[in-house]
Amino acid sequence: MSRLTALFGKAWVWSFVAAVATWVVTVLFTGGSSSAGLSQAALTFGAFSIIVGLGQMLVITLGPGNVDLSVPATMTLSGTIALKLMDGQDSLILLGLVVSLLTGVIVGVLNYALIKLLRIPPIIATLSMSFIIQSSAIWYNRGLRIKPPAMLAQFTTSTTFGIPNMALVALLLSIAVWWLLDRAIFGRWISAIGQSRFAARMAGIPVDGSRLLTYVLCAVLAATCGYLLASFSGGAALNMGSEYLLMSIAVVVIGGSAVAGGNSNVPGIWGASLFMFLVVSMLNTYGFGAGARLILTGVIIFAVILLASRPQNGAR
Amino acid sequence: MKAPSASTLRLLLPAASLAILLAAVFYIQPRAMSYTGLNLLFNLAVPIALATIAQMLIISVNDLDLSIGAFVSFAACVTAVYMPSAPVTAIAILAAAVAAYAALGMIIHMRDLPSIVVTLGMSFVWGGLSVIILPAPGGEAPTWLRAVMVSKPPFVPMAIVASLLIAFVAHLLVMRTTFGVLMRGVGGNARSVARAGWSVLWIKGATYAAAGFFAILSGIALVGLATSADANIALRYTLLSIAGVILGGGEFVGGRVSPVGAVIGALTLALAGSFLSFLRLSPDWQIGAQGAILIIVLGLRLVLNRRGQEEKQP
Amino acid sequence: ETSGKKIALSNNYAGNSWRQAMLTSWDKVTKEAVKAGVVAAADSFTTAENQATEQAAQIQNMILEGYDAIVVNAASPTALNGAIKEACDAGIVVVSFDGIVTEPCAWRIAVDFKEMGRSQVEYLSKKIPNGGNLLEIRGLAGVFVDDEISAGIHEGVKQFPQFKIAGSVHGDWAQDVAQRAVAGILPSLPEIAAVVTQGGDGYGAAQAFEAAKRPIPTIVMGNREDELLWWKKQKDASGYETMSVSIAPGVSTLAFWVAQQILDGKDVKKDLVVPFLRIDQDNLEKNLESTEKGGVANAEYSLEDAQAVIAGK
Amino acid sequence: MSTETNHQAVVSARGVRVEFGAVKALDGIDLAILPGEAIGLVGHNGAGKSTIVNVINGGLLPHQGTISYGGVDGAGGITTARANGVRCVFQELSLCPNLTIVENTRVMHAGLKGFGWRKRALSLIHAKLDEIFPGNHIDCAATVGELSIAERQMVEIAITFAAVTDAPKLVILDEPTSSLDAGLAEQLLAHVRHFVTSGGAVLLISHILGEILSTSSRIVVMKDGRAVTSRPASEFSVHSLVEAMGSVVKERTRGGDKTQKDAPYTIDRPPSAGSQIGFKARSGEIIGLAGLGGHGQTDMLLNLFRDRSGNWLPGYGDAIAFVAGDRALNGTFPLWSILKNLSIGSLPHLSRLAAIDTGRERTLGADWKERMEIRTPDMGNPILSLSGGNQQKVLFARALATKADIVLMDDPMRGVDIGTKQEVYAILRSEAAAGRTFIWYSTEMDEICLCDRVYVFRDGAIVAELTGDEIEEKNVLASSFSGEAA
């Protein structure tokens, strides 16, 4: 019993509760026959939100005002460059991946350069950067959709033991990020920076190095996601990341990470990503119009946050 | 000589960047240096300035509103659909929206919710309501509103008059009144405000209500300029308003905001866009240039700012 | 005689292949026109975000810069009216296309989006006389084009009541969004006979059906190369039949010529209609050949084409 | 306590109990404060002093017991307390840093309303500051964030004593002198004595027993949430007071003779800021930074720190460590447990392949909990559940647990009780003997006198270097004020 209450004390549990509830309600519509298909779809598409969400979570952990708005543009640029470079040839798959990761590294470094050298608040710095990245993507390929290599497309769209490959990739990345945050020194460092940058500095933490690495990691994860998503959906499009701007932030906060920074968790990202996909599916399934669907999405997000909340503690 | 205080500096910098940008625009396009020219340059900045003030109020209590854009769109839809034919209904809906904002502020405080998430959720709600009210773009501006927005006062164009007025009113509210002091106090140290016997709950509610009110004014002004509305008309205002507050010398936490600066920030952002289109860049890089100009303007601010900080030291 | 005149293109979005093709066509045709001395300048401007407010500011800047004509693909049919009225008052010719505006002083080169939607159902009624369930993929909520096409589709369904819309999702005219949305609703849908679309979303829908291992219905395509390629592959493999319809991005060049003609003093009706570009089973290969790799099936207009349209032919 | 005294009492608390989970912060305490009384409240860190303050102030409702103001059992709460003239200067500063001094005055005094409140608030606070701290140079139009810690403390005190509609009846001062230098502290205490003679009541909390003895009329000693002694101040001496608190006074020692006079310099900075004297330090030395508060000592520490610690690449934290004095600004990580707050400085040594070995981390925590006597049932508790002084001990432990050769200390004994201080002094000595260099900024003369060598600061520059027996209060003071005399 007390273990159960302890579990419900964890903020991330609520995102899973919400995901399961929406899943059940959706599946009820068809009397249960859609359960396998829906789960697969949720895992597949949730995976992309998870990958960008992980990166965004690292950045948000850095404290108030830290958020990376260049995620969508980075996805687009990485997908565009990689697919044009691979030009549909199976032999270039690895090269494409490397180049796309490199794109992420460059974007991350540039983002932090703006934040550090010009002292621009991260929200604005990454927003400005995203415009420049978007322009680069337009200039590089003018929005043409080039097909991914067949092997890569095959890999991204198929399943292993009934689980979508994308979900497995997301799982691997999640474990890596979880280790980084929960077990490695780096996680302690960014959490400390998120609570008080000045105190972190005085505790001997290499603050700038850690922040740089965090922004780079976020951009690299976004680039990875762009590479996979472009391969999955049969080509890169200039607007392919736009969905993921609000999504990447939403999954972090619905997943129970502290928006003020310093506190984050990986499982919540999974719950929230699946939930965000399932909510839209549920409302589509029940045939709600666009207006009602939007309102219900908002209300449900609100309800999840409210459920997970605690009253302001009045003492002290 | 006494060194300028932090708040004066905070204001001086955005004003300087606006002046530099304006000079550049005049240099490239001398035609802008006229009554009509100035009006054309700045009239669409008026609703942005109002939205920026709304955002600034929220930021002053350490929160962030990601739903401003959707909410301004909603207010615009209500204005365009109901204001001409059923003004009473329109006002009732808008009043209810202000009340909703106040309630949000109080719930956020009571349950200690992250404002970013709540407003993120609310942005869907406002968006949904707008789509329901106005499924396809349309509606019309009430004639009186249109008349106000296109009126031509002597000597100074309407856009400038309106901006000055907004800056003045917001300055009074935020910097001069007791309410403003308490509001910024909550941003600076909520606990000590509570210890002095004030109800932070009500202060937050009132702050959100004021923000809702300014956002509604923004929506109304927008309809007056655009003559109609759609559900997506002002989505961009969310980021613009945040950028405007920061450009104007505000900070995300700690209740350090400047209303006059925020208005200047909004004008600067509007002007930056015009500046770029006068440059005639290659279409590929037009979007990127908007990012570049933001970087330059903010970079400028911080270069100046650093000097300001050095001066401050004894 | 318009050799001294300057024309500007006001564009609100560049984030998809259709818009990119539109800009490329504009660039190609106007560059030649400028070189030939037909007009003095034909610059194109794109806003950073797809927002009416930003575009209104852009148009106001064009007024300041002294353009003689503004060709506009509008973010909203009504929200630009204030800015357009100001342009007209300043003596500027305004021609809107694709995303047209309602301001009476402007010219409109409209595509009959309603008909585009209706014709899809009409086609399906011939192909599947018995009818069945339809899945509708819509565009971006709250946008004029989305509403129009959808209204056309619903009209079509009324006309051919053997069809029933079993589900409707918003694909935002993007393959990946459409794929995501379709994949989410598909498990709970009954057998789908056909998918009616708005363009830019057919391939995503096909992928979602394939991934769910469901029988592939007749998916109406939207002229994108990847859609046409997929269709071609299916056609070769199993004789798959469908149609593809969209508006040609090159319509921007038509708008350019119309503006030039108005500046030249020609009497032009305020409302012009251009046909949409439709690809059928028999001309698929031909169109596929002429479509740029990864692009959109396109048609550019010459001065003569424009004159023909103006003449109402 | 008779009912009659209760009747007169400004505040009286009876049988108050407050518990935070397993911690009994207050364990049935009785306390009555009469008008015209200055009560000195002393006790070890975590004894419950700040908690009783919060109860009296209305910020915390007792779980058991009653609290009455002016003899009437009220509903409690902040508003009741304020209405009964209870004012409080909290242990941690509680002004709004983004507001000006005038605006802060407005926030604290709801009575300042109506047209022209700015002007009235300005003259009110200006007069009060001049009254309590004559000769201060605080600009009342300034934003609080621009002030030094000492100035903020002064402003907060002045605001608290100021009277708008009605004068305060009871002023609670929770370690008000911890950030003030000796001169300012004396000014404040003089004002307290004056306030008490004119009929006000004061509850003074401090770990500096001299202040308590010189200022209070009655002294209450707290131990583990209970008042163990309450007697007139005249009956105590430093010695008996320390005994009443349960600690033993130890002999002060300076280990100067033992340091190797010819050990190489670990720090050698040329003279700067117009000073003639460079800054040098040998390994094994304890160096004091003296002078009036805010004259460049902290900046010197920050510069030393920045010189030796990378901001980009991870080091092992072996070069330098820092003990913050201003916990809230640059010390604690509020979301973390005590253990994580402690171990953050030593992580590279606690980990294998970049992964933290939690077992070793816990051992480290247990070790330092014992050495520093950190009062907590569990090192896994949040850091904010510790009393102020215990938080400070954690920061100390954080720096000492590293392998740093140089330890910088920014007035680190603020709010640490006398027992612990002596423990820490001993630890410093032994660590110095083992070769560590300590650079110690302190506002307390006693601590300065413990150092091997002292640099005196004035206006951002070093004006004097004192060694060995030269380190005396009068020499330090003479150098601190040398410029003014000329």
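As written, the chain order gives the labels A, B, C and D, with residue 1 at the start of each chain.
What we mean here is this: a residue touches a chain if its C-beta (ideal position, glycine included) is under 8 Å from a C-beta of that chain, and two chains touch if they have at least 3 such contacts.
Given the structure is predicted, the values throughout are model-derived calculations rather than measurements.
For the pair chain B and chain D, chains touching both partners: A. Among the remaining chains, the Cα-based centre furthest from that of chain D is the centre of C.
Comparing the chain pairs A-B and A-D, the larger number of C-beta pairs in contact belongs to A-B. Centre-to-centre, using mean CA coordinates, chain A is 29 Å away from chain B.
Look at where the CA atoms of chain A average out and do the same for chain D: the two points lie 44 Å apart. We define each chain's centre as the mean of its Cα atoms; on that basis chain C and chain D are separated by 71 Å.
Measuring from the averaged C-alpha position of chain A to that of chain C gives a distance of 32 Å.
For chain A, the set of residues touching two or more other chains reads 131, 134, 138, 142, 258, 290-291, 294. In chain B, the residues that touch at least two other chains are 127, 130-131, 135, 286-287, 290-291. Touching of two or more other chains is recorded for residues 59 of chain D.
Of all possible chain pairs, the ones that touch are A-B, A-C, A-D, B-C, B-D. Of all the residues in chain C, the ones that touch chain B in their complex are 11, 14, 23, 27, 43-46, 48-54, 56-58, 60-66, 76-83, 85-86, 140-144, 147-148. Against chain D, the residues of chain A that register as touching in their complex are 179, 183-186, 188, 191-192, 195-196, 198-209, 212, 258, 262-263, 315-316. Within the complex, the chain A residues that touch chain C are 26-27, 29-30, 33-38, 40-42, 44-45, 131, 134, 138, 141-147, 157, 229, 232-235, 237-240, 242-243, 277-278, 280-281, 284-285, 287, 290-291, 294. The part of chain A that touches chain B in the complex is made up of residues 64-65, 69, 114, 118-121, 123-125, 127-136, 138-139, 142, 246, 249-250, 253-254, 258-260, 289-302, 305-306, 309-313. The residues of chain D lying in touch with chain B in their complex are 57, 59, 78-79, 82, 88, 90, 94-99, 103-104, 106-110, 113, 117, 141-143, 145-146, 459-460.
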